[in-house]
Amino acid sequence: MIKVTVWNEYKHENPNREKRDEKAIACHPNGLHETVAEIVRELGEDKVSVRTAWLEQPEHGLTEEVLNDTDVLIWWGHMSHHLVDDAIVERVYNRVLDGMGLIALHSAHYSKIFKKLNGTTCSLKWRDGAYERIFTVKPAHPIARGIPEHFELGIEECYGEFFDIATPDDVIFQGWYDIGEVFRSGCTFTRGYGKIFYFQPGHETNYAFQNVYVRKIIQNAVEWCYSDVKRPYSDAPQIKTTLEAIRLENAEGDYLKHF
Amino acid sequence: MIKVTVWNEYKHENPNREKRDEKAIACHPNGLHETVAEIVRELGEDKVSVRTAWLEQPEHGLTEEVLNDTDVLIWWGHMSHHLVDDAIVERVYNRVLDGMGLIALHSAHYSKIFKKLNGTTCSLKWRDGAYERIFTVKPAHPIARGIPEHFELGIEECYGEFFDIATPDDVIFQGWYDIGEVFRSGCTFTRGYGKIFYFQPGHETNYAFQNVYVRKIIQNAVEWCYSDVKRPYSDAPQIKTTLEAIRLENAEGDYLKHF
Amino acid sequence: MIKVTVWNEYKHENPNREKRDEKAIACHPNGLHETVAEIVRELGEDKVSVRTAWLEQPEHGLTEEVLNDTDVLIWWGHMSHHLVDDAIVERVYNRVLDGMGLIALHSAHYSKIFKKLNGTTCSLKWRDGAYERIFTVKPAHPIARGIPEHFELGIEECYGEFFDIATPDDVIFQGWYDIGEVFRSGCTFTRGYGKIFYFQPGHETNYAFQNVYVRKIIQNAVEWCYSDVKRPYSDAPQIKTTLEAIRLENAEGDYLKHF
Amino acid sequence: MIKVTVWNEYKHENPNREKRDEKAIACHPNGLHETVAEIVRELGEDKVSVRTAWLEQPEHGLTEEVLNDTDVLIWWGHMSHHLVDDAIVERVYNRVLDGMGLIALHSAHYSKIFKKLNGTTCSLKWRDGAYERIFTVKPAHPIARGIPEHFELGIEECYGEFFDIATPDDVIFQGWYDIGEVFRSGCTFTRGYGKIFYFQPGHETNYAFQNVYVRKIIQNAVEWCYSDVKRPYSDAPQIKTTLEAIRLENAEGDYLKHF
């Protein structure tokens, strides 16, 4: 059972906000977090349990209790990255290093947590409303399972290079845009015991999350990011062993008893 | 269900050979292939089905039929790499690119198939009978699941750097030897749709395969190497699409109907 | 002084061939090898010395003597890959592992030597006559020195993904094509002591080699691929050292004399 | 001309400190920064100019002026990482992303700047006074030029895995210690336009910096980290181009005039 928490800024499409974006509400009638949660739930009740959280909740909905009960955290944010509390970012950061998976969607490239884990600015170029195709350039990766050589995403916000990220472990997907741009649209990173996937689609006023392959990729990523291991962290411990100790400990029978 | 074929040279420990090695027979009373097959079977009958094959069988036991029915091939060979038929190597090679996983154990570093997939000599340094510890340097990798920061392997053949392999996708395990050597003991590669894992332990007269962590690593590797996707290969096909075609195809509703 | 050999198939643009391509001759009046050699010579006489070689010469112009006197080999071929002698391929292969740099241009993706070093088919998709832009996605790499975030290549043969290569060490350049394709246009690999750069531009009937940034990239690649070290190769040598030997050798003064 | 600044904490071996370590002073009679600066100066006056800076200077000696005039910054710190001002760390960080090289030596693994660039804790295990050998596992890398397959470092502080760093671009050197540990002793990273090299030797009371190969590696790293390009950074700029614009701009002569 993979415990997934979908975190959303919940501003553009929040019907209670004065400055709400009607187009975003049309795309995400129950909030973008519910749009994404629905994708994850398709993996089945025996495989995943899904909760949601958002910015305006106490501790942004990411209490110690919630995070300790989360295997994979999905993050979407855009206009309010600066309102996320540094103490909560630190908490998420530590959980990632301890083994929690993190999926950063679209404009989450500029979230505090993603920038902190990269050690870079995570800047990019952008333009709303381009036509996008996505290519699979590492088809052997588990996140690419069931994804064709390329698929049509249609209208999406264009993100362009140079994308100022740390060298990824793997670039799995490449985006092509009709306005003359390319982008490393699907990338993985590891930090400590945690696995991270960045995925570019998901603008608040487009329908990327309805695309069957986008859904499959997010589902694959949830499974790939999951780990049942928690790291045995300690702060720069001193080594107690010596070669003599190793040898004494394993002295009998020419070490053969050791097996 | 993962279909695994364990391939073995079956020379050192073959009781019917005149030049048989009694120590190797003691380690592998039913042949090294059975020692390894037993490890894989521990994954459970619902997860894996295991068959074995060896050099002296017709087509080395690797007929088209067998390979097409194999998801993950495990390879062990040592003294008779040169006796493996080039046509069979080509067949295995094509299956790997098509998505079959390959696990190369110990002296399989010098097998024709591993060298062909690397594009290098795969040479290394060696000395029999050293004491080895193995360190996990990429703990977030699925193959490292359940493996501690380091474990004692005990007496094993020492393999030393420089190990002349292609740049690995990931180095997961590092070996330390008391005679003053290090080795990239567990490495992954991808070629086409296939995933490859090289793992250094497994000398024919030692008991590495009885080590609980070695067993777990091989089991993890079987699961990681498995893929249910077969690549849609064709030989440098011409692209038929043009941007105009893409646009016409997706013309309605500002592309929105595309989802 | 970097000794560069530019190798060319020399078919399309060979004026002495009956089936010659007048458009290719117009692009490369002295042969494509001379077009490329001219680019390298711009590095200056104090930095490089350049020779050329082609398919129809004895031993394809790649005698032991020539290769031993070559630091960086540049390769262009297209329609006659199958006519390159396997023994010469083996010779080039061994020189690369020994430390010679290799730059494979455009359709050289399908050359025997490039496929052998990758351990894959190196297949791709293609279509003649698309408009291409090239993006720099690893600007810190020495080969990207002086290259802007992106530049316009103009009309070039489109190469499309999936490009069936080994996982590159680095992807430095990404191609974008107006017909809806992307490509890993500039990639590096290391094999043994040798550095390899693949670069996609360079179709025989286009003017990529006149582009100022393409020229600069090839010049940078020559410098990056160069090495003054020759590997001390031997075939799987046995290790003679033991820890005791190390200790005795360094016994005095608590090892401090060793420095 | 490469402008190098060697930064040192300058505590252990500072003769003016009450708690000074006489052994460290013996190793570094003019301060560890001078020991390292001397290594860099061996590259020759025509190649490098070297200045030093340390913690207790105003702005730790790393004023805007100094950093803007620095191509490669070498960092050594140990007991006083917490005393480095966050504003200065931010300044160094921005210069690295802009293209300044960074070489982090030994205990600088725990410096604020190295941790920030990794996005991890950079924790490790340690024990003073082990015997170390260093192996070259990526001999084709420019930093390995002139370094043998392995060399004896002698007595050095042992650093052990798991080393909690971001996935390195390259692991060039592996450390072996007689007390039963291994370490990724020489690693590279890129962040933005900047190149980073971490190198494990250099404990304040040992003589690693007198080792001829350690010296050569640091000299190679200075050359490799250097870049003459400054990134054209801007904060997530909007893309102005459209495909139509590209086409119009290049309309004449079927784009051919573009070259």
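Which chain is which? They are A, B, C and D, in the order written, and residues in each are numbered from 1.
To be clear about the criterion, a residue touches a chain if its C-beta (ideal position, glycine included) is under 8 Å from a C-beta of that chain, and two chains touch if they have at least 3 such contacts.
Note that the coordinates shown come from a computational prediction; the quantities given were computed from them, not determined experimentally.
Novice: From the C-alpha centres, identify the chain that is farthest from chain A.
Specialist: In terms of C-alpha centroids, the chain at the greatest distance from chain A is C.
Novice: Could you compare the number of C-beta pairs in contact for B-C with that for B-D and name the larger?
Specialist: Of B-C and B-D, it is B-C that has more C-beta pairs in contact.
Novice: Using mean CA coordinates as chain centres, what's the chain B-chain C distance in Å?
Specialist: 30
Novice: From the mean C-alpha coordinate of chain B to that of chain D, what's the distance rounded to whole Å?
Specialist: A distance of 36 Å separates the two centres.
Novice: Give the residues of chain C touching no fewer than two other chains, as numbers and ranges.
Specialist: Residues 133, 138-139, 149, 160, 167, 169, 178, 180-181, 190-192, 243, 246 of chain C each touch two or more of the other chains.
Novice: State the interface residues of chain B toward chain D in the complex, per the touch definition above.
Specialist: Counting only chain B, the residues touching chain D are 133, 135-139, 149-150, 160-163, 167, 171, 174-176, 178, 180-182, 184, 243.
Novice: Mind listing the chain A positions that touch chain B in their complex?
Specialist: Touching chain B from chain A are residues 99, 131, 133, 138-141, 144-146, 149, 152, 154-155, 169-170, 178, 190-195, 207-208, 210-211, 227-229, 231-232, 243, 246-247, 250, 254-256, 258-259.
Novice: What residues of chain D sit close enough to touch chain A in their complex?
Specialist: Chain D residues touching chain A: 97, 110, 116-121, 123-127, 158, 160, 164, 166-167, 169, 178-181, 189-192, 233-243, 246.
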